[in-house]
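Listed next: structures, encoded as C-alpha cells.
Okay, so chain A shows up in both of these, paired with chain B first and chain C after.
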Partner chain A sequence: MAALLEVTELTKRLGNFTLENISFSLAPGYIMGVIGVNGSGKTSLLRTILNLYQQDSGSIRIAGFDMNTSEKQAKEIIGTVLDEDFFDETLTPEKNAAIFGPFYPRFDMDIFREACKRFEIPLDQKVKKLSRGIRTRLQFAFALSHRAKLYLMDEPAGGLDPRFRRSLIGCMQELVESGERSVIFSTHLTEDLDKVADYILMLHEGKVQFCLDKEALCQNYRLIRGTKEEIESLPKEQVAGKEHSMYHSEALIRTSPGNPSGGQNYPAPKLSEILYYLERGYSQCGN
Partner chain B sequence: MWKLILRRDLANLQKNAGKYIASITLYVALLYIFATIAAMSFLVTKGIGEVDLLNLPPRYHDSPPVMFWKMSMILVSIGITAYFIMENPIRLPKMIYLVPTDRNKRSRYIRCMFLAKLLFMTAIIYLFVRIGLGRFFYQYRIVPVLVQLGICLFTVWNLILKTGVYGVSSNNSLEESRCRQEAFVNFYWIVYLLLQQLALGGGFMLGLYQKYPALWLIWLAILVSDAVIARYCTPYILGKAAAYEQTYAKI
Partner chain C sequence: MYIILKEDSNLPIYEQIVKAVKEGLIGGTITPGEMLPSIRSLARDLQISVITTKRAYEELEKEKLIYSVPGKGFYIKETNQEFLREQQLKKLEDRLSGWIDEARGLGVTEEEMHAMLDVLCEGRKQQ
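Let's look at the complex of A and B:
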C-alpha cells in the first residue's frame, strides 16, 4: 500500500542542531509515535514535515505529493495539533474556522461545530481566553472538520486532563480504523504509545535510532536484573542500557539471533522500560 | 483573510493607543519648538518680531527659516512614522503557514501587505506634515515634488524592510552571501536616505536649486540609485518575511 507519509533522507540544519538523514514511511491505517529526550528533534521533525521549516535536503511526500513542489495539495490532507497556537487569538473558534476553513476543499462547518460540542469547546469565547487543553482540543476539532487523512500531532496530550487524554487516544484509534488515515504524534508518555502506537520512531540528537513496529521492538529486547558484577560482566555490544542502584542492577539487552547469551529466557520488558534504557544508553554512549 | 489582517492591525492600534497618543503629543511639542526656532530666526535675520508661520507672505515661503522648519518637521514625522512601522512589522497570520497555501501565495500576500503599508505610511507622513505645516512639499514644481516624494517613499520602504528582517541567519553559505541585503537595509541604505533628506532640505535652505537648477539631474540619478537598491534588497527580505522559520520560529 502506498505510504501516506514518506520521508527520505531529510536533513535540516537549525542553528547548532541538525536533523540528519531522516528516512521513514507511514502507511494508511497506522499510528506512529515519535519519541526521544528533550532536544532530540521531535518538534523540529514534525515542523519540517509541515514545511514550517524549509528542508535543506531530502524529500517529504504526503500521499504522493511532494512538499516542495505540491505543498498546497499535500497540506489539504494534513491535520495538525501542535504545541503552539496557530489560530488567531483575538477571534472565537467559530470565526477562526470560518476564516481558515475555506482554505480546505473538504472543510465542513457542521463537522467543526459537532466536534467542538463533543470536545466541549466554547464557540463564543476568544481563543486567547481558552485554556491550553481546550486549545489543543480546538486544533483537533479543526483537523477533523476538514477531513484530514494524515494527522500530525506534537505532544497532543501535554495540556490535557486525564479524561480528555483518554478521549484523544480513543479518537486516534477511531481515526485509523477505516484504514485510510494515519496519525504521527510525538510524546513523552510511553503509556500512550503502549495503548495506540503501531510504530515507534526514536530520535536522538537529530538522528533516527530506530523505526520499528511495537511488537518487533518488544521482541528485540530483554531486561536482566542481577548484581552489579553480573550486569557488568555482560558483553558490552549486547547491552543497550543499564542502571545500578543500591539494591539491584538492571540492563536492557538486545536479543538478536547472534546473541550468545540467548536472552530470550528473560521476560519481555515493558515499552516504557525499553524506552527508558535506550534513551539512557544513548546518553551514556553519547552517540 | 484581508479582514483578519486589518482586524489584527486595528487591534494593535488599540493596544498601543497610549504610545501613539504620546507620539502625536511629542510631534506637536516639537512642532512648536521648531516653529519658535524659525520665528526667532526671522527676528534675527529679517527683524520681523510677530511671525505667523502658517500665513506668511509668498515671498517668505522659500526663506531659510521656513525651509529649516519644514525639513525638521519632515524628519520628525518620519521618525514618528518609523516608530509606528516598527511596532507593527509585516507578518502573515500564523495559521496561513498551516493551511493549504504554497510559497507563491504566501509571497503574494506579503507583497500586498508591503505595498499597502508603504502607501499608508507615506500618506501618514504626508498628513503629519500637511496638518502641522500647512503644506508638505518644499516647492510645488514637478521635479522637486517628485524628488521629495520619492525620497519619502524610499525611506518608508527601507523602514518596512528593516522590520521585515527577522529570525536567525541560516548557516547555509548561500544565505550568508545574501545577508548583504540585510546589511544594506539595516545600515547603508537608511544612512544614505537620511543624508538625502538632509541634503534636499539643506539645498532648499541655502537656495542652491535656484542658483544651480542642474542639481535636479543629480537628484533624479539618486532616485534611480534608490530604486536599484530597493530592487536588490526587497525580494530577498520579503521572501524572508514570508517564511515561518524566519518570522515565528524560536531556534
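Let's look at the complex of A and C:
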C-alpha cells in the first residue's frame, strides 16, 4: 500500500542547525513516535514536513501528493496539533471552525461539534479564554472534523492532565484502528510510546538515528545490570552506553545480529532507557 | 477470554498474550474454532501497539495454535490440550526448580519447603 507519509533525503538548514538527509515512511494504520533530546530536531522536522519551513532539498509526499508541487491536496490530508494553533483568539471555537473549516473540502461541522462535546471543549467561549490543554484538544477536534488521514502532532500530551493524556492515546488508537489513518507525533513521554507506538523514529543532532518498529527495536537492545567489572568486561563494540554508580552498574548492549539469542536472558529495555543510554553513549564517544 | 498484561512482568507483552491464549485453551475459556478479535481491535482494547499484537498472533500461528482465514480473521485451531498442558507444566517445573535453588541457598531444608508450600496453599484457599 502507498505510504501516507514519505520523506526522502530531506535536508533543511536552520541557522547553525541542520536536518540532514532524513528518509522514512509511514504506512496507513500505524502510530509513529518521534523521540530525541531537546534540540535534536523533532519540532523542526515536523514543521518542515508541514512546509512551514521551506525544505532545502529532498522530497515530502503525503499520500502521494508532493508537498512542493501539490501543497493544497497534501495539506487537506493532514491534521495538526502544534505548539501554536492558528485559531482567531477573539472568536469562539465554533466561529473558528466556521471560518477555517471551508478551506477543507471534507470538513463537517457536525463532526466538529461532536468532537468538542467529547473533549469537553466549551463552544461558546472565546479561544483566548481557553487553557492550553483545551486548545490542544480543540486542534485535535478540528483535525478530526476535516477528516484528516495523517495526524501530525508536536508534543500533544504536553499541556494535558493525566486523564486527557490517556484519552488522547486512546483517540490515537481509535484513529488507526480502521487501518486507513496514521499518527506521527513527537514526545518526551516515552511511556506513552512504550504502550501504543508501532514505529519509533529517533533523532540525534538533526539526523535519523534509527527508524524501527518497536518489536525490532526491543530485539536489538538489552539492558544488563551487574558489577562494574562485569560491565567493563563486555565487548566494547556491543555496548551502546553505560553508567556506573556506587552500588551497581548498568549497560545497554546491542544484541549481535549473528547471535540473536545473545543476551536474551536480560530484560528488554524500556524506550526511556534506550534513549538515555544512546544519548549517553554519544557524549561518551564524543569526548 | 481475558488477557491481563502486567507491566512488571519479565515477559515481553507479545509473550504475555501468547501465554494468556494458552492458559485460556487449557482452562477451557477459549474453545477450538473460536474467532479471535482482529489485530487492530485487540491492540486498541489492550492499549498496546498494532505491531506488538501482530507479533503475538504470528507467534501463535507459528506454534500452530491459531490459523488465519484471509479476509476473515484468526481462529483457534483444534489443539491437543493435554500436550499444551504438559508444555505449561514443564515451564512451571522450571520455575519451581529455581525456587528450590533459592531456598537451598538460604539454608531452607526440604521439610521446611514442604511446610512452606502447605502453609501458602492453605492461605490461598481462604482468600
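Things to note:
One rule holds for everything that comes next: the second predicted complex is superposed on the first by the 280 of 287 C-alpha atoms of A that agree within 3 Å, B and C clash if a C-alpha of one lies under 4 Å from a C-alpha of the other, contacts with A are read in each partner's own complex, and residues count from 1 in each chain.
Please note the rule applied: a residue touches a chain if its C-beta (ideal position, glycine included) is under 8 Å from a C-beta of that chain, and two chains touch if they have at least 3 such contacts.
It should be emphasised that the depicted structure is a prediction, and the values quoted were computed from it without experimental measurement.
Looking at the shared chain after the overlay, A:226 reaches neither chain B nor chain C.
Touch criterion met: A:86 reaches chain B, while chain C stays clear of it.
When both complexes are overlaid on chain A, the residue A:159 reaches neither chain B nor chain C. When both complexes are overlaid on chain A, the residue A:267 reaches chain C alone and has no touch with chain B.
Contact comparison for chain A: of chain B and chain C, B touches the greater number of residues. By the document's definition of touching, of the two partners only chain C reaches A:29; chain B does not.
Counting contacts as defined above, no chain A residue meets chain B in one complex and chain C in the other. Of all residues in chain C, those touching chain A in their complex are 10, 12, 14, 40-41, 43-44, 47-52, 55. The part of chain A that touches chain C in the complex is made up of residues 29-31, 169-170, 173-174, 176-179, 195-199, 213-215, 218, 267-268. Interface residues of chain A, counted against chain B in their complex, comprise 13-15, 17, 47, 50-54, 56, 71-73, 75-76, 80, 84-88, 90-91, 96, 99-100, 103-105.
The part of chain B that touches chain A in the complex is made up of residues 1, 3-4, 7-8, 11, 93-95, 97-103, 105, 168, 170-172, 243-245, 249, 251.
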